[in-house]
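First up is the structure itself, then whatever we jot down about it.
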Amino acid sequence: MNRPEPALHLSQAPAAPVIEARGVSLTFPTADGPVHALKDVNLSIGQGEFVSFIGPSGCGKTTFLRTIAALERPTAGTLTVNGMTPDQARRARAYGYVFQAPGLYPWRTIAGNISLPLEIMGFDKADREARIARVLELVELGQFGSRYPWQLSGGMQQRASIARALAFDADILLMDEPFGALDEIVRDRLNEALLALWARTGRTIGFVTHSIPEAVYLSTRIVVMSPRPGRITDVIESPLPRERPLEIRDSKIFAELSHRVREGLRAGHGAGDD
Amino acid sequence: ADPLTLQLKWVTQAQFAGYYVAKDKGFYEEENLDVTIRPGGPDIAPTQVLAGGGADVTVEWMPAALAAREKGLPIVNIAQPFKSSGMMLTCLKETGITNPATDFKGKTLGVWFFGNEYPFLSWMNTLGLSTDGGPEGVTVLKQGFNVDPLLQKQADCISTMTYNEYGQVLDAGISPEDLVTFKYEDQGVATLEDGLYALEETLADPAMADRLVRFVRASMKGWKYAEENPEEAAQIVLENDETGAQTEAHQTRMMEEVAKLTAGSNGTLDEADYQRTVDTLLSGGSDPVISAAPEGAWTHAITDVALQ
Amino acid sequence: MTETTVSTLTPPRAARRGWAGQAGRSALPVLTVLAAIVVAWYLAAVWMNAPWVRDQAARAGETVTTGQLLRATMAQERPVLPAPHQVAAALWEGVTGQSVTSKRSLVRHGWITLSATLAGFALGSAAGILLAVGIVHSRVMDLSIMPWAVASQTIPILAIAPMVIVVLASVGVTGLLPKALISAWLSFFPVLVGMVKGLRAPDPMQFDLMRSWNANGGQVLRFLRFPSSLPWLFASLKVAIAAALVGTIVGELPAGATQGLGARLLSGSYYGQTIQIWSALFAAAILAAGLVWLIGAVARLTLRRMGLAR
Amino acid sequence: MSAAVAPEAPRSDRAALAFWAGLVALALLWDARLGALAALWAAGWLTNGLLAWWGGPTGRTAIPLVFGATLLALWEVAVRLYAVPSVILPAPSAIGARFAADLPMILSDLWQTLVKGALTGWLLGAALAVLTAIAIDRSPFLQRGLLPIGNFVAALPIVGIAPILVMWFGFDWQSKAAVVVVMVFFPILVNMVAGLAATDALQRDQVATWNAGYWQALGKLRLPAAMPFLFNGLKITTTLALIGAIVAEFFGSPTRGMGFRISTAVGQMDLPLVWAEILMAALAGSAFYAIVALAERRVTFWHPSQRQ
Amino acid sequence: MNRPEPALHLSQAPAAPVIEARGVSLTFPTADGPVHALKDVNLSIGQGEFVSFIGPSGCGKTTFLRTIAALERPTAGTLTVNGMTPDQARRARAYGYVFQAPGLYPWRTIAGNISLPLEIMGFDKADREARIARVLELVELGQFGSRYPWQLSGGMQQRASIARALAFDADILLMDEPFGALDEIVRDRLNEALLALWARTGRTIGFVTHSIPEAVYLSTRIVVMSPRPGRITDVIESPLPRERPLEIRDSKIFAELSHRVREGLRAGHGAGDD
């Protein structure tokens, strides 16, 4: 079952909505009362968009990503993905998900870990090996394929987990702080690589980050969230072109965008603990 | 009262009615004895209990007792309430066995082990049959607790006691006409069964010897009472059965059969019987149960005093 | 292979239900499986008991109709395989048919077995836990005890049980304790193996944390090893309690086979009373299942209170 | 603990020495013979303490041997000092001699019981338990329906089922294997069910996003994650399987096998042979366990308990 | 055993060496050859210093911190802590360690997790509770004490693990990317709080970070490392005063320092994979 490369959609954003959230709320019941992780979230993400989520710790970014990927079920509101329920989309293997923690399988080598989703999706052996080699190169772990996860440093594990999500061609890529444990230089390189990949394949990307420059550099849209109850406080459209050299970060418009995001974040921090 | 512990060879049943009657009817009490009766079970070796000091006197079969004696355990027969053997081989008629000397070849026979196999092995030896299987010998199965191997036709013949398993075979719905039985007694290979045994060191102690005298006297009184009152004896056995598993009909029948075996004995060991047992055990060709005639394996010292 | 598979989609909260709710949800499946077993059992009973009925008829020179055959296979006194209702009736009779102090009462025999089982289980699991603690802390113990603990379990207990009983009796230990010791012998091993594994199971980082705080062995044990070994412990305890019951029953045979379910089983076998065997067997299994269930309930409760059951 | 950090040197050396010296003194006061035994024990233990400290691969292998030698010496000396009769407990030297003399017979018993009975039963039982655990895991319906009943059926005591299984499957090794199947089923099932539940939430979420089918998630995630638990069950049951096969032979067998030999020898007061068979059982059982433990190291090398 | 507050040492760096590494090397044996995680590392850290470690992913930062804390043993060279071996120092409870992953104990609530080292060190109940309340406030998790770790977001877990290391008064604080999963605003606040704590208690701090501004803002010295074999390529003394308002980050000297660190990092990235 070798899946075809998705069609290329070059710079045609915002297209048909891929992810559509209407009035999504999610409450966790806990021993000391319910936690409103998401409250009345409305958001529509088009095909080929790169949407970053930014907000204080605990504001519901992970929860929202999980809800999109059908790992949580909203307690209110509706969420559709490609017009389907998230669960149907999940079954159609629409998602590549990089979790906040690496979550590598200790009994498999790094290459084995990357191979796992490929095996599950039925890629043949030669194809798997080619893909593993390619993504390992991409995340600069070329020589570490045969190591076990516990033999890797924290940042290397995180990169391995990114490689795993990139190895197959999911239409929707959900990444939860993928570059958090990496130094600036690697981070810049991976940012560029990610943009290139995005431009080449036209995937839709949901991206959680704590870095304002990263959010601004990468996204077509930046969603600012605030906590308790977790909700969207601002959605910032980026006027930056799709082609983005690293130098764009020195531009004035970049600084302005950053400022706006920072203000939103600051406001969110002030926002009341329910 | 003087304490004394008796170890039985098997679980509480009418096979041991004499002792239970003596206890229940106060015969032991009359002799100023406080007797504890310990039931046995499938993996209790009475001789071992005796060696370990768990009992003062035990009910055992003579082949096992003599074998243990040869292994260095100095046990001595002090009384022999059972005159004749109740052991037999019971076969299904449909197997076509009629003559042991010719028909056992190639058959499968169920045998009790755990020290009860000696009479059988001696018999096969006298018949010249190998017990290692094969067409020229017999295939031996270690028979479990019950008569299933015969009912399930897993064996052509099984070991039975006249007073117990044979009845169970009948109870299972097989009529005597469908069975062929070979009593060891009839085949001339009978060995002495349920006798009373004590350690030499116990006998050497005059106080203990005296207790044994009183014990044997009361026990034989119990046995004779049981012979005369089989129903009451069975009832007494039932009352003493802690498991609550025995049935009255079964125990009454067992008592009646056991009475036939104890009938000829006043408790004194008949030297001729002893000699026949030893001869049978010695006769076993290449692999006799005992290698030499035992010395001092029995004494009349107790019964002579007890039964005068 | 298309439908939902992985149970993550049931969030933790769904799992948190009251006991009543849980019992209610279990009733139907349990009954269904039970019904299936009973049906299979009846079929087997007919199949296994029929030859005897036919033989009987053949001996008497009669022929039996199917109906007669069916009825006859259900009501034998010594069936090869008793029918469920026969066992149920014997169980019922054994439990309610007489006062609990009667020798024929299964309650009495069950209680005798249960008390030795519990004593043996307590002894055995305590020994297993203590040895495991010793083994994870001391290399000497690890290297010297473990192989011998394994060897100890390969000794066929039924073979030495009589000797154990004899030896203990000669030093004046009688009654419940010898049986309990045999049952402890069988039950300590699963606990030992499981706990050694469980006590070594925590993540290396968690050990590193403890080390950085200079926690001593006892503290690491109490705060880290023990809590994280609990899933292992409970799985082991379930096995151990079943083993303890087996141990007690085995120990009841050479103890003179007078009281307890083991004695019932044995005397049942000895007299070919299959129905009695099966009812004693079921009494024992009901006891075991009850005990296993109890441990499962304690496990659920504990793990939930520790926030581990998710 | 980190692999790179060596174990701490024993701080309690002196304390241990003082403790054992005190114990020996105390025992000596009580009884000279006891004192000698205590001294022997203390010597062995302290030797091991030193060996463990010096460490090295030689020390590793020496420790269990020293421990075993201490136990054996203790046994030999105790039997001699207290003049224990050999029908109660034979000395290790007598057992060893018997073991050497009867090795061919003991090996053929081992083949019958361990390989034909225990191993077949263990493999079958383990496979059955794993499949049942998966069935239970697969279907919530079965989980609620089968697990309680599985607990129940599998907790049937061996002494009860052995005679029944002998009746059903005959006297040869097949019935022993059946007993072993029943005996090992439950421990493996319990551990396997616990193991299948032991994956962490993040890992399960991952395979969910890849939309792994049930069998894929099982094969790629849950089975590997369950392996440490499965091996726990497998290890426990290696010894259970051996006991089961041996004990089952008490309830009916052909005239070979370790259980047959043991029960027959007990009945014949041939205790050295009993212990020689037990020795063989212990050797074979330990080897069996060691093989499974080795396989565990191979398969679950990634588990923290294997990495320290 | 209530331990006394350590004496205050205000701005007297670099004082007597607390941590002294001489020729420290550490090699992990793996299936495909040895990994040289540390090679000939020489470093001396004085009492009350705040030393940051920065370097590409996998260069040995975590390994070095672990070696200081006696969690690994160098395969060559010597390392002393307060003149003792690291292990002796560990026994004297010299270390507070924040690991790269939160490592919370799942069967304890957040408060229970923080309480754990305090219980181990024998603080009495009242003291424990006061400390727990204080550090929870510090990391802005005041209302989350009674939650279990899995009920917290990634960033919240990380903060809980920081709180745990701060609750007792270790002389040496080792922190491995403690703020990696936090947004800018919280990060700034925690940076300030950490500086205040440092100034107040004069502890010696070893700090791993991937953020150049963070390293420059916090440290008295910045150690730049490069990978395979892991070694120190540059040690940058900071001329910044001990009192550091957030605005200091806009100063010229700050920019210069940042530049130097970035250059070092870039050089490290170029450095050869052995």
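Observations
Chains here go by letter, A, B, C, D and E, matching the order in which they are written, and residues are numbered from 1 within each.
The working rule: a contact is a pair of C-beta atoms (placed from the backbone, for glycine too) under 8 Å apart; a residue touches a chain by one contact, two chains touch by 3 or more.
Just so it is clear, the model here is predicted, and its values are computed rather than measured.
Taking each chain's centre as the mean of its C-alpha atoms, the one that lies farthest from the centre of chain A is B.
When every pair of chains is scored by its C-beta contact pairs, the maximum goes to C-D.
In this assembly, the C-alpha centroid of chain A lies 50 Å from the C-alpha centroid of chain D. Chain B and chain D have centres, each the mean of its CA atoms, that are 39 Å apart. Taking each chain's centre as the mean of its C-alpha atoms, chain B lies 37 Å from chain C.
Among the residues of chain D, those touching two or more other chains are numbered 2, 5, 88, 163, 167, 201, 205, 207-208, 212-213, 250, 263, 266, 303, 307.
In chain C, the residues that reach two or more other chains under the touch definition are 2, 8-9, 80, 158-159, 162-163, 166-167, 203-204, 208, 211, 253, 266, 269, 310. Each of the following residues of chain E touches two or more other chains: 66, 70-71, 101, 150. Of all the residues in chain D, the ones that touch chain A in their complex are 202-203, 205-213, 216, 220-221, 224-225, 227, 300-303, 307. Across the complex, chain D meets chain B through its residues 85-88, 163, 166-167, 170-171, 249-255, 260, 263-264, 266-270. Contacts from chain B toward chain C in the complex involve residues 11-12, 38-45, 48-49, 52-54, 144-148, 151-152, 168, 171-175, 178, 241-247, 250.
Residue ranges of chain C in contact with chain E, taken from their complex: 203, 205-206, 208-215, 219, 223-224, 227-228, 306-308, 310. Only residues 66, 69-71, 90-93, 95-97, 99, 101, 103, 105-107, 116-117, 119-121, 148, 150 of chain A touch chain D when the two sit together in their complex.
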